[in-house]
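Next come the structures, one after another.
Shared between the two complexes below is subunit A, which pairs with subunit B and subunit C, respectively.
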Partner chain A sequence: MILRSLMKGKILVGIMAGLILLFLPRIATEHITFVMLGVFGFTLAVLGFNFLFGYLGLLSLGHSLFFSLGAYTVAFSMRQSIFSMELIILITILVSGLVAILIGAICVRYTQIHFSILTFAFAMLFYSFLIKFYFVTGGDDGLRVLTPHLVGTNFADVPKMQFLLREYYYYTLTVTGLTTWVLWRIVKSPFGLTIRAIRNNQVKSEYLGISIWKYRWATFIISGIYTALGGALMAPVIGNVDPSLAHWFQSGSLILMTLLGGFAQFVGPVLGALIFTYLQDFLMSALHYWRFVFGALLAFVVIVAPEGIMGAIDSFLKKIKGGV
Partner chain B sequence: MQKAAILNANDVSKSYKEFFALSEVTLEIREGEIVSIIGPNGAGKTTLINVLTGLFRPTAGTVYFKGQDIGGIGPQKLTKLGLARSFQLLQIFPEFTTLEFIKIAIVSRQGKGINLFSSLDKDKGLNGESEEIINMFGLYEKRNVLSANLPQGDKKLLDIASALALHPEVILLDEPTSGVSTSEKNRIMDILLSASQRTGVKSIVLVEHDMDIVFSFSDRIIALHQGRVLADCTPAELEKNEEVVCTVMGQKECFQTFDSLLNRESGERNRHDA
Partner chain C sequence: MITDIVGLLAGALFYSATVFLVAAGLQVIYGVQRVVNLACGSFFVLGAYMGTTFVTVSQNLGLPPILSLIPLIAAGLSLFFVGLIIETCLLRFVYKQDVHFQFLLTYAIALMLDDAIKYFWGSSPRVVQKVYTVYGQIDIFGATIPNYNIVVVICSCVIAILIGYMFTRTRFGIIVRAAAENPDITNALGVNMKVVFAKVFTLGTVLGTLGGALVIPSRAAMPDMGWELMMMSFAVITIGGLGTMRGAFFGSLLVGIVRSITIFVVPQLELLIIYLIVIAVLVIRPQGLFLNAD
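Let's look at the complex of A and B:
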């Protein structure tokens, strides 16, 4: 009974969230809608990160590599006069997939701190590459990102802000929604079960005939593609991609979002991305020492709710369920 | 009468620097047999298992499974060939429910793991088979309980059940009843033997400290001592060989075991023969 009403509750919350997202550009201020565009990008990035961390148990310190790779792919494509966002997304998947195949082949042979440090090293390499090879990458200044074409339509004569808050908002909402649904399917598939098994017990998994490193590799590739997609969606919003996207601080942000929202639940990182982005935006405009307050708040959450906000909600619901 | 050997070790030695954990061990496991491996601590049982399951490459000698050299091929490939094992020290997936625990074994056996988009919940064949296996092990009521929250005996059963869900030809059970109360021991053995039969297991290798279990369930007993095979015979033959029994089990346990052998009611023997 209670379980069913909980399920209904979850569906209700989902529908409510969907409705809010659908009408946000009409009911909210321009600023709130604009910040939401960032949340969409971070959602895919952090879902990709947590697919590797929460489900397989590998902590990447280098996902800023994929995030910036996605963003730079958009800028590079536009330099080649490719403006179709669908085509750019496809190119992003191919490029990030290829990079993840190569880097993953090396990284997934290691676990724990060794894996983390290796991913960190690759991200730093990419960061240096973006700065030093300025004739290709634009160096510190980065590259400009113009208005992309959506579904074959050119919006060059629409003011940039208006384009972002209307057409691009609904475009990214659709892309984020669809790709999130695909990842949800993967999590609930035999593949999802297998990588959870590997995280739970590697020895037992091997004795069940699972070839561990093949699954680690595949997970790494999917994870990299998702984080790159997040970066690609973000690029037109930022308008200018620069090496700071590849800095380890970005990897750190993804980790913080995940811990804030809760890595054990699928929607945890999404909630984390939402709260992180709006909180950062609010504090930056309200306080001079926003990093200080931000850090303290995050520390507080991790101490009070080590499982993240979703984890806290989950155990609270279980307590109600158990109490009745 | 004597069937073909399915798993055999020929003159296997395994040394760690100066120390020989196994020296020139030769044994074979034939189809349809339940073979127990016994020996005091440090006799080389664990090393032998690790060599037989392809985890360690023997320093000398060869290990063959179904005619294929399996020295050091590793657990994953060996499992695919049809040799499964359970563990002395519990190996579970703490966050998996009982049902998921069996599902992952079947998914692996069927090679479905790489299916990215098919739904786990809607796979009727998978659900049906998982429930059937759980039923065999008497865990159906606990199918949605997290395996971390199961009692010790059930965890052991689940470990074995998942190994059997792989449909192995040979299963190697490393102390399936250790750390379990005496009353549970026979229940576990009965369940796992009938389940083995139903899933088509050809041979069982049992590593066990409990001599009651060893003597009542084995077709053959292999006694190890200081890395060597001390005896390889039927339980009846071993019982008569007081010297071997004492060497293998040490003085103190030796008397206890003889006591229990003498006191054991004949009914228990007969149950196995039947």
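Let's look at the complex of A and C:
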């Protein structure tokens, strides 16, 4: 009885959220809508990150590599006069997939600490590369990102802000929604169940004949692609891609979002992305030492509530149900 | 030719001495508490900035520059309370948790320390004047080596010997080694593990801050200098094996030499070489070369 009403509750929340997102440009201020654009990008990024962390148990400290890779791919493509967003997305998937295949092949052979440090090293390597090879990457200044063509239409005559808040908003919302749904299907599929089995008991999984290494590799690749897509969607919003997107601090943001929202549920990281993005927007304008706040928040979450907000909600609901 | 080699070796030794201190700090904490301290680089930076303050103050008070070693070491040691506070107020709570969360907590600590450093000292680089040059230089086989570099190497060796002595001859050291080997039995034998953990973490912190302070005369203290050291320390620990002091020692030597050679041969790789070394080490031999040594 209670279970059914809870299920209905989740659907209701989902519908409400969907409606709010759909009408946000009309009902909210320009600023709020603009920040929501960032949430979309981060949503894909953290979903990618948590696919690796929450479902497989591998903590990547270097996902900023993929995030920045996606963003730079957009800028690069535009430099080569490719403006079609669909084509750019395709290129991003290909490039990030390739990079993930290569880096993943090295990283997934190792677990826990070594995996984390390796991913960290690769991300900082990429960061150094972005800064050093300025004639290719624009160095510290980065590259400008121009207005992409959506579905073949050139919106050059539309003022940039309006484009972002209207056309690009709905475009990103659609793309994010679709790709999220795809990941949801993957998580629910036998593949998703297998990687959870690997996380829970690696030895037993091996006994069952599962090739741990291959599944890890595949998960890493999917994870990298999603995070890169997030970065790609963010690029036109930021307007300028620079090496800071690859810095370990960006990786830390993704981790904080995931932990904040809750890594054990699918929507946890999404919630974390939502809260974090608005929080960051608010704090950055108000505080100078927001990195400290950021660190303190991360410390707080890790010590007090590592399961995040969704985890807390889950425990609370379980208590109501009268279960363990 | 021999001038180059000597110069190269001298540079390598200097770098090795610095990395060794940070790596030793990492090592000590991991060996006993099984916590990988991502904030070790931040301790290094903290020590560096505090070093600049101590030296500047002491110079203003009239201390001759050549005695600057004293305020530097004092700076490093004085920061022990930072480690103590961090251990008792933050780290203590995550020992029971998954290793990922302990890891992330040290990451959060690093972030907080970074901004705290910026708050107290600002974000621009800080230097100390005169100290580096006042020690003079020495000419070995045609290569000019600043004497201060030699001083640092000697200091590092002294510290290494002191630590070695501490771990093998003092009661505290033996308790620490017991705790590293078998925390439960040690606890059952009546050792207050909470106190041991606090002391060990403080020791690890101080090693890092000392490293930072000692380096100060030769370079400016900068906000982001810690991460490079952190990565290098991980490379050292990985080469030497996560768990052995001897490994940290030889690992530092190896890393310093490889780095010097690489910079000499391909200078453009300077920024990248750190990360390439880490990756290479982790890929080729993740268990390290000295895992069976201690």
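Criterion: the second predicted complex is superposed on the first by the 303 of 324 C-alpha atoms of A that agree within 3 Å, B and C clash if a C-alpha of one lies under 4 Å from a C-alpha of the other, contacts with A are read in each partner's own complex, and residues count from 1 in each chain.
Please note the rule applied: a residue touches a chain if its C-beta (ideal position, glycine included) is under 8 Å from a C-beta of that chain, and two chains touch if they have at least 3 such contacts.
It should be emphasised that the depicted structure is a prediction, and the values quoted were computed from it without experimental measurement.
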| item | value |
| --- | --- |
| Which of subunit B and subunit C A:255 touches, first, second, both or neither | second |
| Contacts of A:135 with subunit B and subunit C, given as first, second, both or neither | neither |
| Partner chain in contact with A:296 - subunit B first, subunit C second, else both or neither | second |
| Dominant contact partner of subunit A by residue count, subunit C or subunit B | C |
| Partner chain(s) touched by A:113 [first = subunit B, second = subunit C, both, neither] | second |
| In the complex with subunit A, residue positions of subunit C that touch it | 36, 90, 93-94, 97-101, 103-105, 107-112, 114-116, 118-119, 227, 231, 234, 238, 242, 268, 271-272, 275-276, 278-279, 282-283, 286 |
| Touching residues on subunit A, where the partner in the complex is subunit B | 182, 185-186, 188-194, 196-197, 200-201, 203-212, 215, 218 |
| List of subunit B residues in touch with subunit A within their complex | 53, 74-76, 79-80, 84-85, 87, 91-96, 100, 103-105, 107-109, 112-121, 123, 159, 162-163, 166 |
| Interface residues, subunit A side, partner subunit C - complex | 53, 59, 61, 106, 110, 112-114, 116-118, 120-122, 124-125, 128-129, 131-132, 248-249, 252, 255, 259, 289, 291-292, 294-296, 298-299, 302-303, 306 |
